[in-house]
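The structures considered in this document are given below.
Okay, so subunit A shows up in both of these, paired with subunit B first and subunit C after.
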Partner chain A sequence: MSSLSAQGLSKSFGDLCALSDIDFEVADGEFFCVVGPTNAGKSTLLKTIAGLHRPDSGHIHLGGRPVTDLEPRARNVSLLFQNIALFPTQTGRENIGFPLRAAELPESEVANRVEEVAAMLKVGHVLDRLPQTFSGGEQQRVAIGRAIARPCDLLMLDEPLTNLDARIRIALRIEFKNLHRRLRQTLIYVTHDQVEAISMSDRIAVLNQGRFEQIGTPDEIYHRPASVFVAQFIGQPPMNIIGAEIQGDGDDTLLAGPGFRVPVADLETLESAGRLPRQLSFGLRPEALRVAKTESAETPFPGQVVWVERLGSKAVLDLRFAEQIVKAVVPPEHATAAEGPVWLGFTPKAEHLIDSERALFFR
Partner chain B sequence: MNDSQIWVTLLKRSAVVISMFIAFFPIYWLIATSFKPFDEWASWPPIWLTDNPTLQNYRIVFFPEAAREFAAAQQGSLDYKVSGSAWKAFQDSAIISTLATFFSVVFGTLAAYSMVRFRTGGDNYPFQFLTVRMMPPIAVVVPIVALFSVLRLSDTYFGLTLAYTAFTLPFSIWMIRSFIEEIPSELEGAAMVHGMGQFRAFLTVTLPLIKGGVLSTALFIFILNWSEFLFALVLTAGNVITVTLQVANYVSASSGKLYGVQAAMGTVSTLPVILFGYIIQRHLVRGLTFGAIKR
Partner chain C sequence: MTDRSRDGLRPSLDQPRRGFMPRFNIALVLPAQLTMMAVVIVPTLIILWLAITDWQPTQAIPWYDATPVWFWNFYDLWYDERFVNAVGRTLFVVGVCVALELGLALGLALLFLDEWPWRRVAVSIIILPMMIIPVDAANAFFMLFNERGPINHMISLVIGAPFEFSWLSHPTWAMAPIMMAEVWQWTPLMFLLVLTGLMNLPQNQVRAAIVLGASPVRIFFKVMLPLLAPVISIALLIRSIETFKIFDPVYILTRGQPGGSTETISMFMYNGAFVYFRMGYIAAAALLVLVVVISVCLVLARPMTKHS
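Entry: the complex of A and B
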């Protein structure tokens, strides 16, 4: 059964279109991530699901129940706001207990639950203080506590780990994962950090300018992106996009561009294989680019390393190749991790051929 | 510090001293005159500080028998309005100003909330409201007199309260609106997602945060109401009398020029405003939303 189903959601603020024809479902107990750049409409999407924004069109169902016309409090959802939104005149204890007290639970139960949540989030020491005395991390954790204090059908977290230092971020990431495993809590998790999205979620939706570019498992999103936007948003460094021309046909099909001519792997798996235009481009993950100091059958094309960015466990190379700069990832001690001439090789995958006009991948 | 800097500093300080002198002189003169005996009120050369301070002026304001005594001794007959006690004026002004301030602020808060959160009336609506106040009251006073006579609102508490509420409402809305706009809507959103209706969320979350702003608006509106003269003059006929009317009554064709008495009344009538300001002063704190949201 799907916990959340949204059909045709659209929302504009004046001339600004925040959401446009959003369709998606979140399964019961799923960890669903929404990623996208700033102003993609992520927060608007959550507020619309929570009932704080009324959609201009479209329907929302929660647990099979239509909720589009219901007040926020009647939806049984919880939301952690991106800007935290702690009640400034209430102590940490009152903030965390707020949803429980609003639900008119007995006071002893409220007190127990607050202690339990505070212990889990390690904010016991701030319970009797006002939010203005909290550190950034404490504010964030108290807000998380308020969001998870009361059981709900759908928990929505809007960038819950931004503005936290790395140590707390990793601890809370594990905490969310545990929370999700233990309670089978259905979760929508919004982030602009693709590493968070890929490492935590069952499925990812990539939101851009109010539209879903793609919804899929982290593997699908990474290996079979639907659009150039997704390919370049997910993955660090982003996917290289190289212009090319189709030559030959059938089994002899080759991709040719300035300084290279290569066969395409598994072209027959592509549905539109017979209908490809002559001019197109293809995507190449930086780690799929082979780099060597010497020419070989594996690395037949000359290139030039113009910049090396060392990131500890790996090095990112900026290479001048095919009249542009492409990026490759190599181990830091690799012989090519220094400026100078190198040899390159690659085998484009059929699912990485791009319709340049529509900025979409061929399927 | 070199010479020119010293001169600039000196110039700045003198400017401050001169403006303070200009600002406070009328207040000094008001209070000084209120303690002067009859023959020093308008003497020339002026007497800056009297050598014969007296409370007679205050007695005339508050005790009708003192007024009658004074009239018998100095002036022959006194206007009936003047010989009456000023207590009635204070009482009427207190009732009308307080009620009108209360209604203005309550309606202003609700209207401002609706405009900020629901865009009621469109983006220009608050401004349109303010333009109502760009017309000078004198331009509408005659029609209002006619209207009030027809509706039998003239010379009633209700009528004057209504007029004051209507004319201060744009200020209330405009001021309170700016305070509500500072409160992120996410705070109410959080209260609503976590189990409250919109109005309860407003009362429990937003209202405590704008309390200082609402109270300072109330003070501002109260001062406007307390010192209003034009409407009080044209919409009353002796049944209702405000402090401002009573002040004016002490200098009139029928009562003569009772400058000292007028000064005493003027001095006393500023006290409630100062008192009100003092009482709400501790609520006029800002920065209450600190800690609520990530900046």
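Entry: the complex of A and C
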């Protein structure tokens, strides 16, 4: 049974269309990530599921129960806002206890549960203080505690790590994963950070301009992106998109462009293999680009390194190739990690051929 | 504790640049100082002097030549039932009026928090009483509560029998129209203050409370009201000070009559100073009232320092 199912959700604010025709399901106990750029409609989606916004059309079911017309407090969901929103006039204890008291649990039970949650999140020491005295990480933990204190069918987290510095962010990322493992809580996690999405979730949905571009496992999203948007949003540096022309047919099909002619790997696996247009483009992950100092069968095409960005464990090369700048990732000590002429090689994959007109990958 | 640590900072703030451009500094503060002298310090000194005399303008003695009676004025005031009653009555009026105004204002402000058609127009209508000159508003209430006025007429329509009650000459009930006039005229100010406060509440905390499953009543009392406390305490402070000075409705509706039963502090002082011309005695009363007002203000202003 799926914990959440949404069908045909649409929501607009005046002329601004925030969500259009959203369909998706989240399985029981799943860690589901919604990732997308700013203003993609991520927060609107969560608020609609929580009941703060009424969808213009569409239905929401939680645990099989229709909730589209229910008040937020009748939905048994919990939502942690991006900006934390702890109650400044209440202590940590009162903040975490708030949803429990709202559910009118007996005081003794509230006290026990607050202690339990505080111990789990390691915030026992701030319980009797006001939020203004908390550090950023403590605020975040207390807010998480408040969101998970009352057991709920669906926990939603809206960019919970955005306002924190990198060190706390990584620590909390691990904690979220642990928390999810321990509670087996169905979870929707919204972020604009693709690294967070890929590292934590069971499945990812990529949201752009109020539409889902793709829903899939992190592997699928990374290796078989559905659209150019997904390909460039997921992965750092983003996927290179290179224009090309199909030459030959059958087993002799070649991709040709300015300065290169290469065969396509596993073209027969593509359903639309026989119907490819002559002009198209293809995607190339920066780490799939072979770079060498010398010409060889593996690296037959000349290019030029114009910029090297050293990132410690790796170096990102900006290469002038095929009349554009493409990016490649190499180890930092690699011989090509310096400006100058180099030789390139690559083997485009069938699933990375792009319909340039629709900005979608051929399937 | 926080106060003490703040005090610890003070010397370091004061120390530097003691003699820095003294003339320029003096020139900058001189206008303000002179104004203070003219409107606060000099009158206060005159009051301090008059308060220990029995000066009456009708005695044809200049005020500076008045005979000192030292602290007898204060002694007399302590045993002056009319004065003590006036103080008590004024505090009662302040308490009841301000509480009513706050209750009404909170209710109205919650109503106006949501967007609905004609909301702006309705706001301007609601704040209209505030724009009316207090004397005119008081006159309107004098007309309304007249023995043969519209209020009595409406009551008789409702109960279906002739109703004639002289509100303004009844020792117990005469205060009611006065307080009603005050509440009617000044609830709008309270409403504006509270509405501004409510509209500026962090929406996310209210939303957070909603998704955490809180009922509207709980959200109001546990989330919104505590956040609104600084605004409310300022509104209470402003209205308490203003109501303490209540004069126009009392003067127009009853002049403190019947038998001093509606005499508030300002009415008492008006009668004493400008009807009986007992300037020295009333100066002493004014000093006492100042002490009362300052204490009330300090009590009401306390939550503000706590929140900052």
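Quick note on the criterion: the second predicted complex is superposed on the first by the 363 of 363 C-alpha atoms of A that agree within 3 Å, B and C clash if a C-alpha of one lies under 4 Å from a C-alpha of the other, contacts with A are read in each partner's own complex, and residues count from 1 in each chain.
Rule of thumb we're sticking to: a residue touches a chain if its C-beta (ideal position, glycine included) is under 8 Å from a C-beta of that chain, and two chains touch if they have at least 3 such contacts.
These figures come from a predicted structure and were not determined experimentally.
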Worksheet item: Are subunit B and subunit C a fit on subunit A, or do they clash, once the structures share the same frame?
Response: clash
Worksheet entry | Touching partner for A:T186 - first (subunit B), second (subunit C), both, neither | neither
Practice prompt. In the overlay, answer first, second, both or neither for which of subunit B and subunit C A:R150 touches.
Written response: both
Discussion item. Just to be sure I read the superposition right, which of the two partners does A:Q194 touch: subunit B = first, subunit C = second, or both, or neither?
Written reply: neither
Discussion item. Output check: A:P88 vs subunit B and subunit C. Expected answer is one of first, second, both, neither. What do you get?
Written reply: both
Worksheet item: Who contacts more of subunit A, subunit B or subunit C?
Response: B
Worksheet item: Which partner does A:T133 contact after superposing on A: first (subunit B), second (subunit C), both, neither?
Response: first
Discussion item. Just to be sure I read the superposition right, which of the two partners does A:N163 touch: subunit B = first, subunit C = second, or both, or neither?
Written reply: first
Worksheet, complete the sentence: subunit A contact set shared between subunit B and subunit C covers 47, 50-52, 72-73, 77-79, 81, 83, 85-89, 98-99, 102-103, 146, 150
Worksheet item: Which part of subunit C faces subunit A closely enough to touch in the complex?
Response: 202, 204-205, 207-215, 218, 222-223, 226-227, 229
Fill in: Of all residues in subunit B, those that touch subunit A in their complex
184-187, 189-198, 205, 208-209, 288-294
Practice prompt. Sort out for me which residues of subunit A touch subunit C in the complex.
Written response: 47, 50-52, 72-73, 76-79, 81, 83, 85-90, 98-99, 101-103, 146-147, 150
Discussion item. Using the touch definition from the top, list the residues of subunit A that touch subunit B in their complex.
Written reply: 47, 50-52, 71-73, 77-79, 81-89, 98-99, 102-103, 130-134, 136, 139, 146, 150, 163
